[in-house]
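Both complexes shown next keep subunit A, but they swap its partner, so subunit B is in the first and subunit C is in the second.
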Partner chain A sequence: MNTFGKYWNKFFFEEKPTEGMALFRIIWIGLILMYFIADLGNVQDFYGPHALISLHTTREQFPFIHANLFHMFNLSYEFTYGLIIVYGISLVMSLFGFLTRPALIVALLCMTSLHQRNIWLLSSSELLMRTITLLLIVSPCGHSLSIDSFLGRFSPGFRNKRNWPLWSLRIIQIQISVIYLWTVWHKLKGETWIEGTAVYYATRLEDLTNFTVPFLLNSLFFLKLMTWGTLLIEFSLGFFIWFKKMRKPIIITGMIFHLCIQYFMSIPFFELFMIALLVNFFTPEELKAFADKTINSFIEGIQESTLGTEIKEKIIRTLRGQHETAN
Partner chain B sequence: MSRVRKIFISGFIILNFLSMIRVHLPMGNKIVSQIYQPVDSYLSFFSLFQSWTMFAPDPSRANVHLSAEVEFMDGTKDTYFFPRASTMNLEDKFAFGERYRVISDVIRKDQNDFLWIDTAKFALRKLRANNYHKIPLKVNLVRHWNEISDVESNFVPHLSKNTNFNSYEFFTYEVL
Partner chain C sequence: MKRLTKYFLNTLILMYLGIIYFTGVPETNTLNSRVKQKAMNVAFAVGIWPSWSMFAPNPIKFDSKSFVEVTYKNGDIKEYDVEVEPKGILAPFRKARWMKYSQDNLRNPSQRALLNPAIQYFRKKYENKTNPIVSLQIKRKWAEVHPFSDQSIPSIYKTPRVQKNEVLITKKMED
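Presenting the complex of A and B:
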């Protein structure tokens, strides 16, 4: 039990740099912001008083307590657009890391309300959005690369530790593994995955087609290879990714795998979300080094620019200051 | 970090782990339900029940879309076709194509008949602009589908489209 406790402590409570979580926050919220912008034209059809599914039906089907602000106010376009404006502002605040945790809480509440307004429209992409954003709230994702951390130089109220226990990152990592392992488990129950024809049928669903590579997608040999390859890659992403030596090649393979699916198939956002999630398997030290390198090259770019010396110094001081705020 | 804080966080870690496997445990089982009561409340509140059955156990083999035919008092008819991702550009697919694909697949199923009246009314609203002077009598919801041919008997080339659809009128909404 003592050994288990030690492992548990090391695995979940070891303190590591927070730049990785901050980087993930920027990527994740950036993608949700893209989703949000794409969704702006859908207010009338999906969320407003004249939407496809009425609020009355939603209420009848979900009589239990759940996070849906639509149940607390009279449904009107004013309310719907108001909610969307608040959602947009909270996403931008989360992206830049200003009042990060409260902004993420508001964003999650608005997101869940919009999702639960018409839940029959949704797929795994939206489930991922809710699950991961909820975990971001409890993470130290605003502790660095954020306006909060910059303000921390002037106000103790914004000051946060740059090193933080790993537990929230670990939950996200376990969540990613669980997604891959469950999907492989379910696929192994299907005939087409075993006999190798699943990718043939999936790529022939007209609503899901995107671009083609004729030789690959019209050859039964390659279709079978892709079917079994999918199972192998997904299993590796759920299991072998935890082994140190295999981690990096598997992350890269996973990212290429999701990019290929995005190319062949029109599954908006899901593949992009999965690629973003895989970033969490790089170690916090690796991600910190990446963030440092990016900021340093940005500083070099400013130094070489034609801006006035005083402005250059101010920008560089701000970047360095925000970057180097001590624990 | 204090011991109490660690215990509290460990509880949260366990809650999350339990929530990841919830859907895969028997939902109707009384003992499991009792144990899972707090987890279920957490999951229902944010709608976080996770199944992750993407293309599993087998990918669907049906191309499906919906239409609604409105009959007016003067004997004329008009039809609203629900948007289909297969006819959209990439931008529209991202914006709403996938959502219409998902909901069309939900609406067509008999167990979701509680959505049919709303769907009929929605189609009626969509057709109102072109028929504002007419009085609608009824709305017929129609599902259209075709099945992807078997890989062995008739290999379908990628991106080829089958324009032959079976149709079935599955619901009539009497407006008047």
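Presenting the complex of A and C:
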């Protein structure tokens, strides 16, 4: 029991640099912001008072207690657009890490309300958005690479530790594994995945076709290889990724796998979300090194630029200071 | 880290893992079923119910489109695609949610409750005050992908399809 306790403590509560979570925050919120912009054209059809589904129908068909601001206010265009504006602002604040946690809470509340205004438009992408944003709230994702961490140099109210227990990152990693293992488990119940024909059917759907490689998609051998390969890769991403020696090759394979799906199939955002999520399996030290390297190359670029010496020094001091703030 | 904080965090971690586990596993016994229901309630409340299908258990084997057929008082009949066709570089992203609504849900026998609200929406959308709508029909046209055969794989460009039509709902406006 004692040994289990030690492992549990090390696994969930070991303190590690927070730059990795911050980097993930920037990528994740960046993608959600893209989604937000793409969705702006749908406001009247999906969320407004004269939308495709009335609020009454939503209430009747989705009777569970759930977080939805639409149920608390009178449905009007003013409220709908107000919610959209607040959502947009909170996303931008989360992206730049300004009042990160409150901004993420507001973003999640707006996101959940919009999603649950019409649940018949939702796919796994929206589910991922909600689940991971919820977990980001409890993570130290605003402790570095953020306006908060910059302001922490001047105001104690913004000061946060740069090393933090791993538990929130671990929950995100477990959640990612569960996604892959869940889908493999359910796929094994379907005959097409066992027979090796699933990729044939999936790639023949006209509305989901993106680009094609006839050489691969017309070949019996490759169709079967891709079907069974999908099961193997997804199982590896859920299970073998936890083994130290296999971690990096599996992350890279997973990223290539999702890029290939994106190439063949028009499934907006989901594959990009999954690629972003896999970043969390790099160790916090690896991600910190990457963040430092990026900042250093940015500093080198500024040094070589034609800006005035005083401005250069100010920018460099800000950048250096930001990632040198002590615990 | 303070002991109390750690207890709190451990409880939080165990609760989250419990929700993930119980919302995902099948209902195999009474206890499991009861806990699953409670876990689902929490998952719905915060919007994290599990649904990671990703073409599981099987990819669908047909392309499906829903259309609205509007009959006007002067006898004109017009057919509109339910899905809005967005334009611009963001079109694929905007279109995805229309596809989900039209291709997965509106046509689905388990989602019949969506049909009447859809009739109301399209009535407003296509109304013409000088030539009122007499009836509205929502129908689905679908094409089954040629069944897979080890003997010959049809070309990705010319996979044969079996065309089918189905009327989902017809509503006369005088009613």
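We take it that the second predicted complex is superposed on the first by the 325 of 327 C-alpha atoms of A that agree within 3 Å, B and C clash if a C-alpha of one lies under 4 Å from a C-alpha of the other, contacts with A are read in each partner's own complex, and residues count from 1 in each chain.
Following the convention adopted for this analysis, contacts are C-beta pairs under 8 Å (C-beta built on N, C-alpha and C of every residue); 3 or more make two chains touch, one makes a residue touch a chain.
Remember, predicted model here, so these are calculated numbers, not experimental data.
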Simultaneous placement of subunit C and subunit B on subunit A, clash or fit: clash
Which of subunit B and subunit C A:Leu217 touches, first, second, both or neither: both
First (subunit B), second (subunit C), both or neither touched by A:Ala202: both
Touched partner set for A:Gln116, first subunit B, second subunit C, both or neither: both
Subunit A residues contacted in one complex by subunit B, in the other by subunit C: 12-13, 38-39, 41-42, 45-46, 50-54, 57, 60-61, 64-67, 112, 115-116, 118, 120-125, 127, 130-131, 134, 138, 165, 167, 170-171, 174-175, 178-179, 182-183, 186-187, 189-193, 197-198, 200-207, 212, 214, 217-218, 220, 223, 266-269
Of subunit A, residues touching subunit B in the complex: 8-9, 12-13, 38-39, 41-42, 45-46, 50-54, 57, 60-61, 64-67, 108, 112, 115-116, 118-125, 127, 130-131, 134-135, 138, 165, 167, 170-171, 174-175, 178-179, 182-183, 186-187, 189-193, 197-198, 200-210, 212, 214, 217-218, 220, 223, 266-270
Sites on subunit A touched by subunit C in the complex: 12-13, 34-35, 37-39, 41-42, 45-46, 50-54, 57, 60-61, 64-67, 112, 115-116, 118, 120-125, 127, 130-131, 134, 138, 165, 167, 170-171, 174-175, 178-179, 182-183, 186-193, 195, 197-198, 200-207, 212, 214, 217-220, 223, 234, 266-269
Contact footprint of subunit A on subunit C as seen in their complex: 1, 6, 9-10, 12-13, 16-17, 20, 24, 41, 44-63, 84, 86, 90, 92-94, 96-101, 103, 105-106, 111, 113-114, 117-118, 120-121, 124, 145-146, 148, 150, 153-157, 159
Complex contact set, residues of subunit B against subunit A: 1, 6, 9-10, 12-13, 16-17, 20-21, 24, 41, 44-48, 50-61, 63, 65, 84-86, 90-91, 93-99, 101-103, 106-107, 112, 114-115, 118-119, 121-122, 125, 148, 151, 155-159, 161-162
